[in-house]
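A, B, C, D, E and F are the chain letters, set down in written order, and residue numbers restart from 1 in every chain.
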Amino acid sequence: MQALKKVEIILSAPELPKLQRLVEKLGLNYTVFHHATGRGDRGIRADDDLTGVFTNICLLTACKAEQLPALVEVVRPLLKKTGGLCLVSDVLSVIH
Amino acid sequence: MQALKKVEIILSAPELPKLQRLVEKLGLNYTVFHHATGRGDRGIRADDDLTGVFTNICLLTACKAEQLPALVEVVRPLLKKTGGLCLVSDVLSVIH
Amino acid sequence: MQALKKVEIILSAPELPKLQRLVEKLGLNYTVFHHATGRGDRGIRADDDLTGVFTNICLLTACKAEQLPALVEVVRPLLKKTGGLCLVSDVLSVIH
Amino acid sequence: MNFDQLLTNFLSPPILFFLLGLLATLVKSDLELPAPLPKILSLYLLLAIGFKGGVELAHSGLTLQIALTLGVAMIAAVVVPVYTYFVLRLKLDSANAAAIAATYGSISAVTFITAAAFLDATKVPYSGHMVAAMALMESPAIVVGVVLARLAAKRSATPGTDSADAEPVDWGHIGRDAFLNGSVFLLVGSLIVGALTGNRPGAVALVPFTNELFTGVLALFLLDMGIIAARRLGDLRRAGVFLTCFAIIVPLLNAALGLLGAWLLGLSHGDGLLFVILCASASYIAVPAAMRLAIPEANPSLYVTMSLALTFPFNILIGIPLYGAAVAAVFGP
Amino acid sequence: MNFDQLLTNFLSPPILFFLLGLLATLVKSDLELPAPLPKILSLYLLLAIGFKGGVELAHSGLTLQIALTLGVAMIAAVVVPVYTYFVLRLKLDSANAAAIAATYGSISAVTFITAAAFLDATKVPYSGHMVAAMALMESPAIVVGVVLARLAAKRSATPGTDSADAEPVDWGHIGRDAFLNGSVFLLVGSLIVGALTGNRPGAVALVPFTNELFTGVLALFLLDMGIIAARRLGDLRRAGVFLTCFAIIVPLLNAALGLLGAWLLGLSHGDGLLFVILCASASYIAVPAAMRLAIPEANPSLYVTMSLALTFPFNILIGIPLYGAAVAAVFGP
Amino acid sequence: MNFDQLLTNFLSPPILFFLLGLLATLVKSDLELPAPLPKILSLYLLLAIGFKGGVELAHSGLTLQIALTLGVAMIAAVVVPVYTYFVLRLKLDSANAAAIAATYGSISAVTFITAAAFLDATKVPYSGHMVAAMALMESPAIVVGVVLARLAAKRSATPGTDSADAEPVDWGHIGRDAFLNGSVFLLVGSLIVGALTGNRPGAVALVPFTNELFTGVLALFLLDMGIIAARRLGDLRRAGVFLTCFAIIVPLLNAALGLLGAWLLGLSHGDGLLFVILCASASYIAVPAAMRLAIPEANPSLYVTMSLALTFPFNILIGIPLYGAAVAAVFGP
C-alpha cells in the first residue's frame, strides 16, 4: 500500500468543467460525485435541477504528498470565488 | 490549513429532514449525497425509488473538534432508531 | 467510539454485483454511491448512461483492522482487471 | 369466475407486462427501469386518474348517492385498519402490527387503475366519483395506525424509561404525513383541478396527455412493479407463514366487506368492483413512506414486502377477475 | 381587464396546477417532481415550441413585417437590460445589478408558452414567427449584462489589485454561454428543423409528440414551477423591499414598452400579447445558468429568486390577462 | 442512390435532430439530455418496436417464408462475427478482436427503427416479423465473441500462469448476458406481448403510446445520440486508421451480404432494406454492456467508439438511402 493524500473538493456544479481542466493539467486522476446538496455560508444549495446552478459536486483525488501544494494553489481561488470546501487527509492506496 | 473533524453520517433517506434540522441548529455547514444504497444489520437498502423508504443518504460535515461532542450527541439517537453509520476522522481544510 | 478502517473502493459500475458478492461473503456491511464519473489511467469515464459501461461506483465499508487484509485480497484482482482505486484510512465510528 | 374473464385479464398488455417484469427478475435479467422513472410514472398515473375523475365529477355533480358512497368508503378506511391491527397483534409487536394494519387499511391506486382498465376492456361502465372515494380512503388508515401504535406504547411504558415519553406525539406532523403526503396531495389536487375545469373548453387540451397515454404508462409501470415485486419475494421468508397467509386472506376478507358495502349502497356493477378493489388493496407507496417516519420502530421489509410482493400481484392477477365474478354473482349480470 | 378573462386564465388546468404546486409547498406537503424530470419537461417544451414555430414559419415564409418584428425584438432585448442596470445600480453593486439586468432583459419561454395557451383558450390567433422573436430575445441580454459588469469592474480596478485584471475577459466563452447554451441552442435548433421540414410529409409524424402532449407537459411543468417558486419565497427577505418592488414594477414597465413596440409594428392582437409578454418576462433558466459562470460574484439567490418567485408567478397569474386587456384596449377588440 | 432519397432522409425531423446533436457538441454547446433520459428513451423504443412487431405478427401468423427469414437472420448473426474476428486479428489482440467482432455481428435497434421511419416516409411497406429477425440477431454474436476470446486465451495460456485458467468460463452467466440482458429481454418480451394481444381489443389502448409518440421519441433519442457520438469522435485517434476504416468498410461488406441474403430469400423491397440494415448495423448498447463483463480485458473505448461515433452516423446518414438504392437496383423498383 502506498501513502497518499486524499483531497475532497466540494464546489458548485457550474465550476466543475473549470476544476476538471485544472486538475487534469496537474496530471491527476480523479472521481466526481454529482448532485450533492448542502448548506454553507452562502446559503442552502438544493437540487432544484432547473438551472443546475444550485447543485454541488464533490471531486475526489488521491495524489502524492508532493503534488498537494500545486493542487491547493489552483483550488483556493475557485473556493474564494464561489465558495465550497477542500479537505485533505492521509490515506493508504492499495497497489494493483 | 485548519485542522477539523470530518463527520460522515449514513442514514435512511426519510430521516434527512430531521438530521438537517439538528445539524443546522448546531450551526454547522454540511453537504449531502443522495441515492446511496447499502447493506447493514437491518438488511439490504436498494434504490427501488417508489417510496424512497429504502434509500440511504450520506451527510458530510467538517467541524471543529469542540463541536464534535454535541454533534455525536444528536446523531446517536437517530442511529439507534433506524440504523446507519457515523464515522469521524481528522482532516485539514484549505483556508480561503 | 470504535476505531475502524474506512475502505473506499472505486470501480466501474458493471463490476458492482461481483464486488458486492465478495464483500458480503466477508460479512461486511457497506454503502454504495452511484453514477460517479472520473478520469484514470484508462481514460475518462463519463456518465453517458446508455450502456452504463463508463460509469464508476464508490463502495464504502467501515471494517475492523483485522478484516482489512482479506478485503484487500479480494479487491486487488478486480482493480487489476478493470482499473479503479482502493483507499484505506483510519476512522472512529460512533457506537449506537 | 368464468375462464373468459380470467383470460381477458391475463391477455391485456398491462398484465402481461407485469408478468414480464416478474419473469425478468426470476430469470435474472438485468432489465430495470432506471430511477426516478418509476416515481415519475406513478406521479403521472395519480395526476391522470385524479384529473379524469374530477372531470367526470364536474359532469355528474355531487348527488346524495355519491355522498353516501364517500361516507361508507371513509368508514371502511377506519374499520379495516382497526380490525386487522387486533388480528396482527396475535403474533406481532404493536409497532409492526400498526404499520401493517395501516398498509392494508389504505388503498393502492395502481390496483384501482388496473381494475378500471379491466372494466374498460370488458365494457362495463363505472363512475368518476369512485376516484374521489379512493382519495378519501388513502389517509385515514395512516392516522389510525399511528394512534394504535401510540396507545400501545403508552400502555407499555413504565415511568423512568425513555422509550415512549422521550418524543411527544407530533400530531401536526402525523396529520401532514397522512393528508398531505405527495401521493394523496397530487391525487386530490388533480381531482379538484379536473372538477373545476371539467365543464370548460380548456380541459380538452389535457385529454391526449391524461387519457391516451394512460394505458401505455400503466403497462410500463406494471413492468417495473413486476420487477420490484419479484425482487422482494426473497424477503418473504422473513415474513413467515402467518404474514404470508395474512397477505392473501385479509384482502379476501376486505373484498367481502367491500362487497357487502357495495350491495348496501346499491352501487352499479362497475362501481361495485371498484369499491371492492379499494377495500381489498393495500398501499405500497403512500403508507410505507408515512410509516417509515411515524413508526420507525416497525420493519419496512415486512409491510412493504407483504403489500408489494404478495397482495399487489394477487389482486392484479387473480383478485380483479375473482371479485368481478363475485360482483356479477351478487348484483346480477 | 375584464373578470371573465381573469377567470379563463385561472380556470385553465396549467394555471391551476401551478397554484397546486404553490399550495403544496405552502402546506408543507412533500410532493415534488424528482430530478431530472423538471429539466426533461423544460427541454421538451423548448423542442416542441421551437418545432411548432418553425413549421408555421415554413408555411408563412419570411415577410418584411416578420423581419421588422424580429428587429424590434432584438432592440428591446438590448435596451431593457441597459436601462434596468442603471436603475439597479441605485442600490446594488455592479455584479448583482448586471446579473439581474440580464435576467430581466431576457425572456421566459414558459411564460410565453402559457400566454400562447391563454390565446388558444380565448381563440385569439397568433403567428409562428413570434417563437423566432423569442429565440432572438433570449441571448442579447446575457452579453449586455457581462459587458456592463466588466466595464464597471475595469473602472473600479486600481493597479496592483488582482480582482479585475487577474482573469482576462474570455469573450469566446461568454458568446458561447449566450448563444449556445442548451436552452437557446435547442429552441433555435428545433425552430430550424421545423422550418426545414414544415412543408414535407415527414413533419406530420412528430405532431402527436410536439402538439398533443404539449398542454399536459406544460401543466406538469407548472406544477413543479409552483413548488419551486414557493420554496424560494423565503429568500425574498434577503432580497429586500427594493428588489421585491423591482420584480413587479419592472415587468409592468417592460410590458408597457412592449405594448408600444407592438403598436408601432402594427402587430395583430395575439402577436401583440406575445410580444408584450416577451418584454415583461424574465429568464430563470438560461440566464441564471450563464450568469453563474460569467458573473460568479453576483448572488444567484437574488436573481433566481426575483425571477422565479415573483416575476414568473406575477406574469402567469395576473400579467397575462392584464396585458391581454391592455392589448385589447389599445388595439381594439 | 438518387439525390431525392438522400434528401428525404436528411430532411426528416429525426435525422435533423441527430445532426443538431452532433452540431451541439461540435460548437461546444452545453446541451445535453440529463441521465437517465437517454436510457428511458431507449427502453421506450425497444418496447414500442417490439410491441408493434408482435401485433403485426399476430395478424400475419408464422409462415414458411417468415421462418426461413428468421433462420437466415440467425445464420448471418453467427457468420458475421466469425469472419470479422479473423479480419481484426490481423491487427489486434484476441480480446479486442472478439469484442469488436461481437459488436459488428449484433445489430442496432435504433438504426433499424430509423430505416423503418425512412420506409414510412417513402411509403414502402415492410413486415412486422422483421422485428423478430432483429430480436434473433441481437444475441448470437455475443456468444460467438466470448467463445472466440476464450479459445484464443486457452491456446495462448502456458501452464503455471494464472491468466486463462484462474477464472473458469461461466457459461450460464455468459448465456444470461447474451439472451437475457435488459435490451434483448424487453424487445423479445414486448414482441411476445404484442403477439399474444394483437388480435384482442385491449391492444388498441396501447396504440397512442407505442405508435403516435414513436417518431417524437426517436427524434429526441437521436438528438442525444448525436451529442454522444460527437463526444466520442475525439477517441477516434486512439482507434487508429485500421479500425476507422473497419468501421465504415465492414458495414458495407455486411450490407452486401445482407443484400445477397435478402435476394435469396426473395424478400419484399421494404423487408430487404431492413434485413440489409440489420446486417450492416453494429450494437452500441447491448453488446458493449455484455462485453464489459464477459471480456473485461477488451478496451470499451475502442468498440463503443467505433460503433457509436462512426458506424451509427454512417448508417443513419448515408447507409440507409444508399442501401435503399442498392435494394431498389437489385430487386427492381
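In this text, contacts are C-beta pairs under 8 Å (C-beta built on N, C-alpha and C of every residue); 3 or more make two chains touch, one makes a residue touch a chain.
Since the structure is predicted, the reported quantities are computational estimates derived from the model, not experimental observations.
Each step here moves to a touching chain, and the least such steps from chain B to chain F number 2. Each chain gets a centre from the mean of its Cα atoms; the one farthest from the centre of chain B is F.
When every chain is reduced to the mean of its CA atoms, the largest separation from chain A belongs to D. Centre-to-centre, using mean CA coordinates, chain C is 45 Å away from chain E.
For the pair chain E and chain F, the distance between C-alpha centroids works out to 41 Å. Averaged C-alpha coordinates put the centre of chain B at 19 Å from the centre of chain C. Residues of chain E found to touch two or more other chains are 34-36, 39, 208, 212-213. For chain B, residues touching at least two other chains, in rising order: 33, 35, 47, 49, 89.
Pairs of chains that satisfy the touch definition comprise A-B, A-C, A-E, B-C, B-D, C-F, D-E, D-F, E-F.
Remark: chain B residues 12, 14, 35, 42-43, 46-54, 81-82 touch chain D in the complex. By the touch rule above, chain D contacts chain E in their complex via residues 35-36, 39-40, 43-44, 47, 51, 176, 180-182, 185-186, 189-190, 192-193, 196-197, 200-203, 205-206, 208-210, 212-213. Residue ranges of chain B in contact with chain C, taken from their complex: 10, 33, 35-41, 47, 56, 58, 72, 75-76, 79-80, 85-89. Considering their complex, residues 8, 11-13, 16-17, 20, 23-24, 27-35, 37, 117, 120-121, 208, 212-217, 219-220 of chain F touch chain E.
Touching chain A in their complex are the following residues of chain B: 1, 4, 6, 20, 24, 29-35, 62, 89-94, 96.
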